[in-house]
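You will see chain A twice below: alongside chain B first, and alongside chain C after that.
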Partner chain A sequence: MPDLLSLVVQQTINGVYLGCLYVMVALGLTLIYGVMNQINFAHADFVTVGAFVALFTMTRLATKMLGMPEVAGYLLSIVFALGAGALLGLAVNAAVFAPLRDRGDELRPLIATIGVSVLLENGQLALFGPIPYQFDSPLAKETLRFGKIFFSLQNVLVVAVSAAAVAALYAFLKFTFLGKALRAVSQDRETSGLMGINQSFLIGLTIVIASALAGMGGALLGPGLVLDPFAGATVIVKAFAIVIIGGFGNLAGTILAGILVGIIEAFTIQYLGAGLIDLVVFVLLLTMLVVKPTGLIAERREENV
Partner chain B sequence: MAPRWPWILVAVAVIALLPHLLGTPYWRGILVICAMNVMLALSLNLILGYTGQLNLGQSGFFAVGAYVTTVLVKSFGWGFWPAALAAVAAAGTLGLLLALFAVRLRGHYLAIASLGFAVITYQVLVNWESMTEGVRGIYAIRPPPPIRIDGLVDISFSSPMMLFYLVAGIALLVYLALDNVVRSPIGETLRAIREDEVSAASLGIDAARWKAFAFGLGAAVAGLAGCFYPSFVGTLVPGAFNIVESFTMLAMVIVGGLGTMIGPVIGAVVLTFLPELLRGVGELRLLVYGLALTLVVLFMPGGLVQAWQLLRARFAGGRP
Partner chain C sequence: MAALLEVEGIELAYGEVAACREIAFAVAEGEIVTLIGANGAGKTTTLRGVAGAMLPRKGRIAFMGQDITRLPPHERTLAGIALVPEGRRVFPFLTVRENLEMGGYKFRRDAAKVRGLIERMMDMFPRLRERHDQRAGTLSGGEQQMLALSRALMSEPKLLCLDEPSLGLAPLVVQEIFKSIRAINAAGTSVLLVEQNAQYALATAARGYVMQTGAIVASGACADLRLDERIKEAYLGRK
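The block that comes next holds the complex of A and B.
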């Protein structure tokens, strides 16, 4: 295989891997937006919390106390991170979104969650200190090789888990009664309320699902992050960009945009340097806002642009 | 409306006395930071409080003010004051440029786009090393040059006290200027846009133009605050201008009282001094900010100004 081609294939694979990670984070943001037109600014900090929970589950609980093999410990830590995300989602819903809902003010919940984000980041700073943690996934050591193209079992795991998560989410929304109710709420909140749908429950459920995805994303993304208390800040920036590029509230658009941003990031690292990633992503975002503010796949709602 | 001049006299007296009450160089340094924070909070308040646009890009304009001043002085040999003027103009112009996006976007989209502006500014500071020295930072920045008129005035700004007088004096002027703006028909216009942009437009208000005005003016004020930051701290690194700085300003405006003139001033003072008083958690200054921001939005959306009004109504004895 010629060098350039294998390079392109390799970077595309890296990009899809990154994209899958971002999709897990961005999907939650877009889900919440679709159902209640709100942004959880602390969403990416749930990723950091998830990563820390996973790290400590793996290194302290699973391998040391329970004597599990490393790989099993890592898989268990993914489950714990998912649970931690779900709990955070419950908390932020109870503390912020539920009390502020239906006040007709779209900025107040956003500002409150900015406060939650600052609180979480600095709370973790108090607990874990400013020095980045080493989070080694046992699967990252196992590499597969096809000609000049390499990837690790970690890459395979991430792509598989996020594909499974997307499939499960799709099936839930499409085929279950609750999923149908959720779609009804996101289409028209008032009317769905008149039809006897319990909105508070469904909105809470959405936030819990979204946050669980973020927590799980933390366990998967953790090994690739500079894992310090502020790691979420670098993720949220890309997650916002993805959500806007994809079209706020649109799941398919978010997935597409997530993969796209992942691939762009991989090629930016290859050709321009890692320092310029945020710059490139945000220039893309601002261009998108000028050219096609409704995102790649336009939703019906346009009142924000 | 009550006349303003007694309050101006009070403000001047307070500014004059403060460095004498807080006599150590450390506390005088905090005072300089406080005066700068007051300007930053005022700048965000014009956009968020009076025009209703959540602009998270203010840290970017703050950075532009600081870097343009310093680079012009150190690399191009400009005098401090012309450089500061150029920096304010640059920040204001960038504010107008951001407004090109802002007038098309509302609510969440604007918040994210302006956050993007702050991120881009930060990345430019880190990556444009030939101009900004990147993360290595710029060192040995001198305070503004002394003002000398032979035989009449000789003011040096090398002590924290004189620097505080300078920055606080400018902050007071900014306050008065913005107060005039919000009391004028322009202020009415901005508030009309905040309350209901569509209705405002139906009354013949060119919302895009006035939003751009608020963005530009707010950005210029943030840039002005930035001019003094490096000459006080002595060093300049991009880390001082990451997006957390925007959240800090947001906390000050919200905690003090959104959409009032005095609220952001109170918020800036409280949130500058409160973490200093809680010395044990000095490292965790931002923890206090995050907590204050969330709690105030949830329980007292009008901030400390609202709390004060509620208290006064209670003690005025059933006379709300």
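The block that comes next holds the complex of A and C.
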């Protein structure tokens, strides 16, 4: 295989891998926006919590206490991070978001998400300290090689888990009664109430799904992060950019934008250097805002959620 | 006749501004009752109050003897009230079938029942069967009205509230919609009809209330209202 071609294939693979990580984080943001027209500023911290839960599940619980092999321990940690994200979403919704929403205020829940973010960051700072943790995925060491192209089992796992999560979300929204009701709420909240749909329940469910994805995203991302209590913030800026490029609240657009940004990032690293990634991504974001502020595929007047 | 719906002195407001004051009316079981009046008289607001989209700041609403004044809309649907909102408000990106399923949300744990109800709606409006897999946003206005009506019926309501079902529709389609409304009523569902087209409304309903600037100013049997000189002049466009 000629060098250029294998280079392009290699960087595309790297890009898709990165993109899948971003999609896991961005999906929750866009889902919450699509259903309740609200930005969740605490989303990054749900990712961080997921990463810490995964780290401790793998290093303390699975391998030390249960004596599981490392790989099995990491897989278990992904499940635990998913569950931890869901539980955290459930708790935060019940304690903060739902009561504020019931008072019919739009601004207060938004500001509350910033409050939850500060709370989670400082809570983790108190628990884990400011020094970054080492989070090594046992799968990152296992590399597969095809000619000049190689990738790790971690890459394969991330892409497979992300694809499975997207497929599950799609099936939920398309084929289940609750999923269709969620789309109904996102399209016309008042009318959905008149249909007998309990919006508070569905909004809570949306937050739980988004948080579960964020938690799982944390477990997948963790090994690539400098894992401290503020680790999520480094990804969330890019996730916001992806959500905007994809068209706020548009799931398909977000997935497409996530993969696209991942690929652009991989090629930027190859040709321009890693230091320019943010520059390139945000030039792209600004260009999108000027040229096509409704997002990548919004022009087809696509459904959001 | 037993009163199905009793509205007693409700006041509905948008923010600080009261849109309706001292509204009192009743719908008996099996009856078609209409609220007529000019644009901005408060008909839609009153209907939204009945369906729970707005909560009154004064007064009381009773349905089948139960106080429902503070019930949120989704619980009123469970109690047996359904609303066909003004402008139809179908879910544009859901298919016709999915829209109907949403109307039957309260039966979601009984898939066979929901399927059966959808079949009945499609028997009533065969156009919906033809377009069952199409997004509701792509339907014509008349088809959307049929869908909105069927969607409301999916919850098997005891009281069907209709807000301007004739709005923006061709006369032939309006006739078809009103024929269905009468058929639905004949099958046992009470109807509360808000309509600007007073002629149709008074011909369809048994009793009517006339609204003006947020209050009920006249009421009676539709046969009498049609003969009332003031109503003729104001709403029927003839002397």
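Convention: the second predicted complex is superposed on the first by the 290 of 305 C-alpha atoms of A that agree within 3 Å, B and C clash if a C-alpha of one lies under 4 Å from a C-alpha of the other, contacts with A are read in each partner's own complex, and residues count from 1 in each chain.
Just so we're on the same page, a contact is a pair of C-beta atoms (placed from the backbone, for glycine too) under 8 Å apart; a residue touches a chain by one contact, two chains touch by 3 or more.
Model, not experiment: these values are computed from the prediction.
In the superposition on chain A, contact is made by A:Asn198 with chain C only, not with chain B. Contacts of A:Ala181 after superposition on the shared chain: chain C is touched, whereas chain B is not.
When the two complexes are overlaid on their common chain A, residue A:Asp3 makes contact with neither chain B nor chain C.
Of the two partner chains placed around the shared chain by superposition, chain B is the only one that A:Gly275 touches, whereas chain C remains out of contact.
In the superposition on chain A, A:Phe240 contacts chain B only, with no contact to chain C. With both structures placed on the common chain, the touch criterion links A:Glu190 to chain C but leaves chain B unconnected. Residue overlap on chain A between the chain B contacts of one complex and the chain C contacts of the other covers 303-304.
Only residues 51-53, 72-74, 77-78, 82-83, 85, 89, 91-94, 98, 101-103, 105-106, 108, 151, 155 of chain C touch chain A when the two sit together in their complex.
The residues of chain B lying in touch with chain A in their complex are 52, 54, 101, 104-109, 111-113, 115-117, 119-120, 123-124, 126-127, 242-244, 247, 250-251, 254, 283-284, 286-287, 289-295, 297-298, 301.
Touching chain B in their complex are the following residues of chain A: 33, 39, 95-96, 99-100, 106-108, 110-112, 114-123, 125-126, 233, 237, 240-241, 244, 248, 275-276, 278-279, 282-283, 285-286, 289-290, 293, 303-305. Chain A makes touch with chain C in their complex at residues 177-178, 180-181, 183-184, 187-188, 190-199, 302-304.
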